[in-house]
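Letters are used for the chains, namely A, B, C and D, taken in the order the chains are written, and counting of residues starts over at 1 for each.
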Amino acid sequence: MTEAGNTFKDVVCTFCGCLCDDIIIETEGEKITKNTNGCAISKERFVGHMENRCLQPTVKGSAVTLEKAIERAVEIIASSKRFLIYGLSSTENDAQREAYRLAELAGGVVDNTTSVCHGPTILGAQESGETTASLAETRHRADIVIYWGANPAAAHPRHIPHYIRQPGEYIKDPKKDRQIWLIDVRETTTARMVDRFIKINPATDLEVIETLRALIRGTKLDVVEVGGISIKDLEQIATTMKTAKYGVLFFGLGLTQSFGRHRNIDAAIRLIQDLNAYTKWGLMPMRGHYNVSGANKTSTWVTGYPYAIDFARGYPRFSPGEYTAVDMLARGEPDVLLNIAADPVAHFPRAAVAYLAKIPVINIDPKFNMTSQLAEVNIPAAIAGIECDGAATRMDGLPLYLKKVIEPPEGVIPDRDILRMIIKSLEKVMK
Amino acid sequence: MEINGVPIDDTFAEAFSMHMNRTIITAYDEDWARTTALETTGFATSVIMTPSEAGIEYILKPDETPDGRPGVRVIFATGSKDGIREQLLARLGQCVLTSPTACAYDDTPDVAETYPVGKMIAMFGDGHQVKKGPIDGRTLWLLPRMSGTFVIQESFGRTKGVAGGNIIYFCKDVESGMASGKAGVKAIEKVEGAYTPFPGGLVGSGSKPSSRYKVLHASTNERYCPTMKGIVPDTFVPKDCDFVVEIVINGLTEKAVAEATKAAILEVCKHPGVIRISAGNFGGALGKYKIHLHELGL
Amino acid sequence: MTVLLSLKQVPNIPIEADSITPTAFAGKTLAQIGKLVVMQGRNSCELREFFEITGESADSVEETEIVIRGDLRKVKQIGKGMNGGRIRIEGDVGMHLGAEMIAGRITVTGSVDAYAGAEMSGGNIQIEGNAGDYLCAGYRGSPDGMKGGRVFIAGNVGNEMALHMRKGFIAVKGNVGAMAATRMKGGSIIVCGELGPRACIEATKGMLFALGKVSSLPPTFKYSGSSEREFTGYYIRYLKSRRPDFLQSDISPSEKWAKFIGDFAEAESKMEIYTRLVLNSHLAS
Amino acid sequence: MSSGSVKVRLVSGRTLSQGRAMEKGKITQEYEDAVAICELGSKTMEALGIENGDIIVVKAALGKINVKAKLDKNLQEGMAFIPCGPYFNYLLDAYTQLTGMPGFKSLEATINAAPGAKIPTVKEITQMMKEGVK
């Protein structure tokens, strides 16, 4: 593992779905001293990996051994009727696989953070399929790139500089040969990085997309403006999209979380499908957590479904809105929550958090997070991609190997090993 | 037997079975529904030389029709099974589809067989036709046309009905004959299940089922012709009679035909100048139904 | 003959009671019915653990009527896949009521949660209260929603009603939420109250009658004239014959209806929306 | 000084500092500073009579929360932005339209100046959510 001079090259950054794999990490003893090439967030992630760390397992706030913590976790799970596992987006593929095993064993529900980020993207794809691309293809071929409801400047800082504003095989000059557009309801920092910013009215994404689809078909419509854009401008946008050589549409939570949710994505997918009748287009969700894409992939390999899976009947069942974490919590359904590699207390609506506070919570995370404050059992974990190896999936579906660059703190083990310990002792209890 | 002093012969009308369909025609107002119904049942008096026997059976109030508009119920009758399908196709296609605002719904009781006539007519929609339902027991086809949308039920039924019921009566003159005849037909319109296929419901040329010419199956029945009473020795026409009227009554059931016969006799007998009422038959050789005038409960 | 189920107490964790169907009950004694399986979380339980079971069971499905009482909001999947007989629910009820129903009749005096009548292919559902999201919708990823049957809702309905509807009839007395009849490709819907935004997005075929106000329609729908319509009366009369209480006032057959056609984002654009011109003149231009 | 209240459509999303602070750790001052803010356009700030860094109270159907106002001169009138995190979620209802996804991108809210008011810490807000304080 160790490379000469404690310098690690081509390290994959485990912050966002970009999984930039050109990071150079330098370590000295037990400290990471330098992150070269990484974005500001990446630097914080690597260099600050020991900040705010949870180093000791606790049960009801008291420090215990790892074995004791596991024992208590197993007790809680074994006595539950409706067990919910949530999280999994900030960990590696093997840990995810163990989580599905645990859910199956305990007859529980397993949901990942997809349900509050790109869940609607998957619902859209389930209705209409996917016309996708890879980031490399985009870089080498795309003469137009559109971001819709995405703010990479804040959430994926190197997306534009590392993948898009780069010369490629057929795009010699990324400034001249490639157009970058942004469509959003807010003039974000990203708006200043692109060639054209198109502002649309909030909650009109679906109308704008459907209008573009109709215009691309060559249909004349009755309306004079949609979402604050004149039909003339929309016609021009449609024409540009139709006449592009190779286009890629990246979309973010501005599309998945706004009015319409999965319907917006379904429409966007069909827009891209329509465009493929004339030229080549692909689309890609701007996945947030570095391995949320992987959570969907591993879940689908193992269970057939990407998230919101119930094993209560022994076989997997899929029902977003019913087995998704926010809905289950808000409806007061689960009697135990195992949270791993996510922070529902920080990211869930109040009612869900209020219910979560009433049930036993087992929290597995490398750092103190908001959920730790409410958890009965806290188990620290090693940070994948820094303190242990693994695999993760980039936003375009490409799996990448995560390197271990430093030893985890004393007694702290990877997520997958914690889950295996739980499974092992639960197997004994359940039999 | 006498009604209002008019003698009723102790005889019977001889009727036979035919294949029938009953259809509701609706339109934006009652007058137009009737106009459409008259056109649709036009040229359909006697199977001797028209393709069908058809007529208005009943006038419906708006709340009695499937679409809440004024409507008229009509019945079509043919000798052959397939004739029903052909006649519906031609008549609904040419006379209802073409009539602005008019629509057609099947209303045949005791259906023996159905034909996808509506579906075929809807092909006029040239791909713009839409199938709806079943709703309220019907599958409908909607097709765009200049007046809006033509609505036609997908299938139309065939049932066995009764044709050839009749009364023949003798009048003093044209005025008394026509006035009583028109009133008699109006009375039959109020009887559900029966209709009168001839022009305005009246027959001016009663026929006998034979002819001296080989090409003809029927010819004028000279025994009922007032102008021939001098030379036809076995004439039925009384001395003071110069006008003979026949009302031919078809219906879905023998009972409906009998009801209608009764209603017509009661009405006709109210009119001055009506001398005597009889009915036509062939001695029971032709049809399986005998409607005895004295057994109508007059 | 009627079997009466009374919920003993509201379960803390929802139960899945897809065994409550006339088909499952027919030919069984009350004791046998009590042993039918319901799921609570991962636990397989018996019906009698949750319900007091009285009344008289019948031999055939057709003769079987099930009356259920109590706060059933945490009871899911009642009447799922039902094929004949009757279920009467006195109170509110949870998700998936009558989902995948084939035949029979369900009446509910209260309100129902999401996915009632989802992917049903026949039968009749009457709900006197409100219905949640995805009424008569297709499940996730399914290209086919409701394929037949009749559904009448006396209250309001949530979002994405009739998603992927192919056939059948839905009438709503109250208001309908956003994105009703999305990707509809057949069937008929009557909305007596207000129709929510984005109705019929990506719909390719079918008919929707909006008897109340429509604040907006998708921009990809086109106005196609106002006139009296030969068949609107047909549907109105049908509704009136079944549920006269759904119509606040009489609608004359000579009333004018504005027609909208779409969705022009799609290759096939034969979805028809009819709105009463007198309430929706702002849409017609 | 105006003390009017302003109606806004409240949106949440990622910010760079929220991302950095989250990576550092949620139980840190940096995280609180990064997410306990509300970005407003200059006209909105003018209407409220406040300046960059002043405390405001954001009210929605579910409750109200004190946060620090932050100027985003590009933000149009009628819109406000709170980075994704507990301060926004405190106002958010759990209805997901049966998709699993709450309505992070459109919350009707009103904003008032709240000079001198205290911003709850991350720990305090956890407690508030737990107890369901209005």
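Definition applied: a residue touches a chain if its C-beta (ideal position, glycine included) is under 8 Å from a C-beta of that chain, and two chains touch if they have at least 3 such contacts.
In this text, all values refer to a predicted model and were calculated from it rather than measured experimentally.
Asks: By CA centroids, point me to the most central chain in this structure.
Replies: Of all chains shown, the one whose C-alpha centroid lies nearest the global centroid is C.
Asks: Decide which interface, A-C or A-D, involves more C-beta pairs in contact, and give its chain pair.
Replies: Answer by contact count: A-D.
Asks: Any idea how many Å lie between the Cα centroids of chain A and chain D?
Replies: A distance of 23 Å separates the two centres.
Asks: What whole-Å value do you get for the distance between chain B and chain D if each is reduced to the mean of its CA atoms?
Replies: Using C-alpha averages as centres, the distance is 80 Å.
Asks: Using mean CA coordinates as chain centres, what's the chain A-chain C distance in Å?
Replies: Computed value for the inter-centroid distance: 35 Å.
Asks: Report the inter-chain centroid distance for chain C and chain D in whole angstrom, where each centroid is the mean of the CA atoms.
Replies: 39
Asks: Residues of chain C that touch two or more other chains: which are they?
Replies: Residue numbers touching two or more other chains: 114, 133-134, 160.
Asks: Touching two or more other chains, which residues of chain D qualify?
Replies: Residues 97-98 of chain D touch two or more partner chains.
Asks: Which of line, ring, star, complete and other names the graph you get from chains that touch?
Replies: Contact map by chain: other.
Asks: Taking the top-of-page definition of touch, could you list the pairs of chains it picks out?
Replies: All chain pairs meeting the touch criterion are A-C, A-D, B-C, C-D.
Asks: Where on chain D does chain A make contact in their complex?
Replies: 9, 11, 13-16, 18-21, 23-28, 62-63, 74-76, 79, 81, 84-86, 89-106, 122-123, 126, 129-132
Asks: Enumerate the contact residues on chain A facing chain C in the complex.
Replies: 80-83, 106-108, 123, 126-127, 206-207, 210-211, 213-214, 217, 219, 221-223, 226, 259-260, 263, 266-267, 270, 311-313, 318-322, 331-333, 335
Asks: Per the contact definition, I'd like the list of chain C residues that touch chain B in the complex.
Replies: 169, 188, 205, 207, 227-231, 233-238, 241, 253-254, 270, 272
Asks: Can you name the residues of chain C that touch chain A in the complex?
Replies: It is residues 12-14, 16, 39-43, 95, 114, 133-134, 139-141, 143, 160, 178-179, 182-183, 198, 201-202, 218-220, 222-223, 263-267, 285 of chain C that touch chain A.
Asks: In their complex, what parts of chain C are in touch with chain D?
Replies: 114-115, 132-134, 158-160
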